[in-house]
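Next, two complexes with subunit A in common: one pairs it with subunit B, the other with subunit C.
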Partner chain A sequence: MIYVGQRLLRAILLLAGVSALCFLFTEMAPGSFFDEMRLNPQISPETISALRAHYGLDQPLAVRYGRWMKSALHADFGYSIAYNMPVAPLLWKRTQNTLLLTTTALLLTWFISVPLGVWTANWREGLLDKTVTLASSFVISVPELVIAVAVLAVAVRWRLAPIGGMTSTDFDGLSEWTKLQDLTRHLALPVLILAVCESAVIVRHIRASMVEALDAPYVHAARGFGIRRARLLFRHALSAAANPAISLLGFSLAGLLSGSLLVEVVCGWPGLGPLILEATLSRDLYLVIGGIMFSALFMVGGNLVADVMLLAFDPRIRREGTNAD
Partner chain B sequence: MRTKTLALVAVIVGLHLVLLFAGFFAPYDAASQNRDQPYAPPTRLHFINASGFHLRPFVYAWTANTSSNQPGAYSETRSVEYPLHFFVRGSSYKLVGIYETSLHLFGVDEPGRIFLWGTDGYGRDEFSRVLYGGQISVAAGITATLIALLLGCILGVIAGYYGRWVDESLMGVTELFLSLPWLYFLLGLRAFLPLHLSAIETFFLLTGVIGMIGWARPARLIRGLVLSLRSRNYVLAARGFGASDFYVLRRHILPETFGLLLTQAALLVPRYIAAEVMLSFFGLGVTEPIPSWGNMLGALQQYSILVSYAWLLAPAGALVVTSVLYSSLADVFHSRLESSLT
Partner chain C sequence: MVDNSNKYLLQVHELKVTYFPANGDPVRALDGVSLDICSGEVVGILGESGCGKSTLASALLKMLPPQAKCEDGSILFRGRDLLSLPERDLRAIRGQEISLIPQDPALALNPVMTAGSQVSEVLRSHLPLNTQQRRQGVLDLLREVGFNEPQEIYSTYPHQLSGGQRQRIAIAQAVACRPALLIADEATSELDVSLQAEIVTLLSQIRRQHGTAILAISHDPVFFAGFADRMAVMYAGRIVEVASTDVIFGRPLHPYTQALVRIATSSVVTGAAKSARLPVIDGETPNPTSLPVGCRFEPRCCERMDVCSRRYPPEFMPAPLANVNCFKYGEHVD
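After this line comes the complex of A and B, so read on.
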């Protein structure tokens, strides 16, 4: 429990640090949302300063940060100037879409990489191992943007999957079952791009930790006792290799989040990514800060989940935790 | 193994030289437009005409099919042949920004045009633009890497060498930077900076932003290395003889970090090239009329263009080649580093 508490404290500190960093940058930044308005002769300087006061932008940095912090604790992340509505509901709606995309991609990634990693570690230097190593090093070195654009080009050219948005235009009129089908088809491309990029990284790590586990003396001993290959692989080696793999889960969530921003924009998936991009282009300050905070929240949350899972799976950490008492 | 490494280095140096001397290798200026030839497909090189085989290739002019509504439907006008010449005089440019000349590696006589990789929507030569755009993108990647490594090296050495609270606070900050989804952070940081800037300002802003986000990982690695170097016998001996911190750092610590820095550089350059490409793709980086691989690919955000004009993917191809080359280089450096440590 102490262990989880420590991790939680760390996560909260991190989030506070991120938000402080955001505010620091806003202070250093030269332009603002009202710059374009100022150029407009029809809007008087008084109107602009009144607007600034209305949004609380005339206050010094520390005051603004304190206020924001206070309201953020009540799940209120400020007010979007461009959308003219509170940031939190705006972000929350998009967040659900991003979460749907990333969790599906995460599941698919692990569904692909765990068996592949185990297989290639078991039959080292085999044909599949060589292919996977080559393919993964290629995918890792090629930028995600290129992969996304290439997959998209192929999909659009041969009309393999619908692109843009989450649903077809006649979505509301469909029955439950066809709704699900429609959603799945729209989900297919972005999930595929994300899963391919992410699997390339994860497979390597799983293979490496499996190789290490398979070479360990106790696995040799188990083999000597005549334990079957499959049981050896999945019961003995995989559970020992699970530790680095689970800490990877937290990391891979980070990769997925950054990757999903790009994929969302390229594929037109209405998640956090396009919203943040728009906000960036229109300099909608609180929306940007809120978006960064949300994404940081997921990452920290993902790492926390990974930590708790580690605690559940790895007796060594549990023992350390009790020793620390 | 050695010849392989040498070949790799030669190819990488060659690529950079081609980009550096883009003006010479590109037949046209990056901005010169042929409004009558938008989305022209790559010009075909011919060797055979009615009078037989020619060693010197020649090209035909593209004529737009006026009957078709879609731009990009072209046919060759076989009446006039334009033979390909090497070392021709064309539009003048400044070689490496200094020496003014008009010499180009290849070209065809006016009014003929040679578009090796086709043209974009304004009829600009894609091949020339990939070369000129590569200058911007690769330079941005290298500059950002230098910034990140410089910051990372200074902070990492300080954290590793002085230890205690300096180390703890600095490593706390690196954890902060490492735990952010970097792309969101990059966008956010970009959001706080003005959108419309001159080209030079944008370039340095962009590389500064990328470098400022990227320093954390190298700082961590260098800190770990310095931490282990600090307690080596020769360092302890030097300090026992009364060597100053500065002397120990300069003489014993910094030279040892060189291999790590080189490996990191080879890893980071392609990543930061990709970062520049991404920001420019989103319209937040280098903007028209200056070409960069990112804003060239940005045109493909329209699905109709993406499907119809495959040659506009050329910057993506260039990006792939550059990234693969750099990551092979990083592998070489990495295995050298490993073998030198053991």
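After this line comes the complex of A and C, so read on.
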């Protein structure tokens, strides 16, 4: 339990740090929401400063941060100037969409990476292994944006799946079953792009930890007792490789979340990505900070889940936990 | 001539194994090793570090690393040549007919599997038992190797066990399917002296109860005293002397054996530096990448003769059941 407590504390400190940095950077960034208004001769400087005061933007940084912290504790996260409404409900809807995208991509990533990692570790230097190594180096070295555009281009050329939005325009009139189909088709491309980019990284890690486990003396010893190859792979080596793989889970969630911000913009998926971009362009301060905080929150949450799973899986860590009790 | 092939459980004939490291010259680790083991017999392999003991143990299960090649010779187990068997048949033999107790018990157990399930895995891969029977089988085995509370041990993880306990788990795995031959590669060298004695007692007991033949490997002659029936002394990839344990300790024939035994027994008397891994004999083992033509012990031997560096000494039998490759025992005039 102490183990989980420590992780929780670390997560909270991390979030506080991220928020402080957010404030600092937005303060240093040039421009503000009211820049365009200032250029408008019909709006008097008095109106603008009144508005600034209304949103609390005339206060010093520390005061604003303190106020924001207080509202964040009430799950509020400040007020959007552009939308003229609290940030939290705005973010919440978008967050659901982002989470749908990233968890689907996460599942697909692991669905691809684990079997492929196990296979390539078992048949080292085989045809598939060489192909995977080559393909993953390629994907890793090419920017995500290029891959996204390439996938979209292919999809457009052969009309493989719809691009843009989450649903078709006639979505509301569809039956439940066709609604699900429609949503799936809209999910397909962004999920594919994310999963391809992330699998390229994850498959290498899984292969490496499987190779290490397969070469470990205990797997060699088990082989000497006549245990079948398949059993060695999936029971003996995979359970030993699970520890690094689970730590990787949190890491891969982080990768997917940051990747999704970009992919959402490119594919027109109505998640946090386009919202943050839009808010940044219009200098909608609290919306930017809120969006970043939500992303950070899920990243930290994902890592916490991985930590707890690690605790459940690995007896050595479990012991450290109980010793500390 | 009597046909002895039924009497022997294992017949190793002129086995040659070479390592081909990715960088560097090939290493001839076994250079014509011949050895017979009868059912229920304990045979000890004695030799300094690097003489090829572990290579021999792995070769017997055909578990050599990929860069090693078995270049010549044969390994007959119950009349079947293991070197020509397909992997599927070998898998059925490993753990069921020949078992290898690994060298280092700290590394040989899977850190994320319970002790009991690791023993259970061996049963499951060879015997058609249901879950209940398997569990009972594991508990019986744990009791047999000396655990008084097998239930508790069943669900502990390796890191919760001591070195001696881990070695017992490894032994339980090895004997789970009642193999006819047990290979123990330095089964006790990682343990302290009192634990060593306990493990030797356990192995002797297993042999007595189940008639298991044991090929025991060690660099320490004392390990074999009161345990092995016969001993084979290895030097630089070859067996230089095979004799009963009494002969090895009482009147060793080969100058190398004499030196090993003298050092080991004198340090028992004085109690000095017993933990030193290597017996101290002047000189070094020959470079395995370029072995001499003649007797390999010649550079270190204080009884060497002219002939010794010219060709490899053939096998002589100066006493019944004692074979030695040394010119002292014949042909010394050349």
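Methods note: the second predicted complex is superposed on the first by the 324 of 325 C-alpha atoms of A that agree within 3 Å, B and C clash if a C-alpha of one lies under 4 Å from a C-alpha of the other, contacts with A are read in each partner's own complex, and residues count from 1 in each chain.
Following the convention adopted for this analysis, a residue touches a chain if its C-beta (ideal position, glycine included) is under 8 Å from a C-beta of that chain, and two chains touch if they have at least 3 such contacts.
Owing to the predicted nature of the structure, the values given are computational and were not obtained by experimental measurement.
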Which superposed partner A:295 touches (first subunit B, second subunit C, both, neither): first
Partner chain(s) touched by A:221 [first = subunit B, second = subunit C, both, neither]: second
First, second, both or neither for A:211, with subunit B first and subunit C second: neither
Subunit B versus subunit C as contact partner of A:156, first or second or both or neither: first
Subunit B versus subunit C as contact partner of A:51, first or second or both or neither: neither
Partner chain in contact with A:100 - subunit B first, subunit C second, else both or neither: neither
Comparing the two partners subunit B and subunit C, which touches a greater set of residues in subunit A: B
First (subunit B), second (subunit C), both or neither touched by A:138: first
Complex contact set, residues of subunit A against subunit B: 14, 17-18, 21-22, 25-26, 28-31, 35, 137-138, 140-146, 149-150, 152-153, 156-157, 163-164, 254, 257-259, 261-262, 265-266, 272, 276-277, 279-281, 283, 285, 288-289, 291-292, 295-296, 298-300, 303
Subunit B residues within the subunit A interface of the complex: 172-173, 175-176, 179-185, 187-195, 270, 273-274, 277-278, 281-284, 297, 300-301, 303, 306-307, 310, 313, 316, 319-320, 323-324, 326-328
Contacting residues of subunit A [partner subunit C, same complex]: 216-228, 231, 235-236, 239-240, 242-243, 313-316, 319
Of subunit C, residues touching subunit A in the complex: 61, 63, 91-96, 99-100, 102, 104, 107-113, 118, 121-122, 125-126, 157, 159-160, 170, 173-174, 176-177
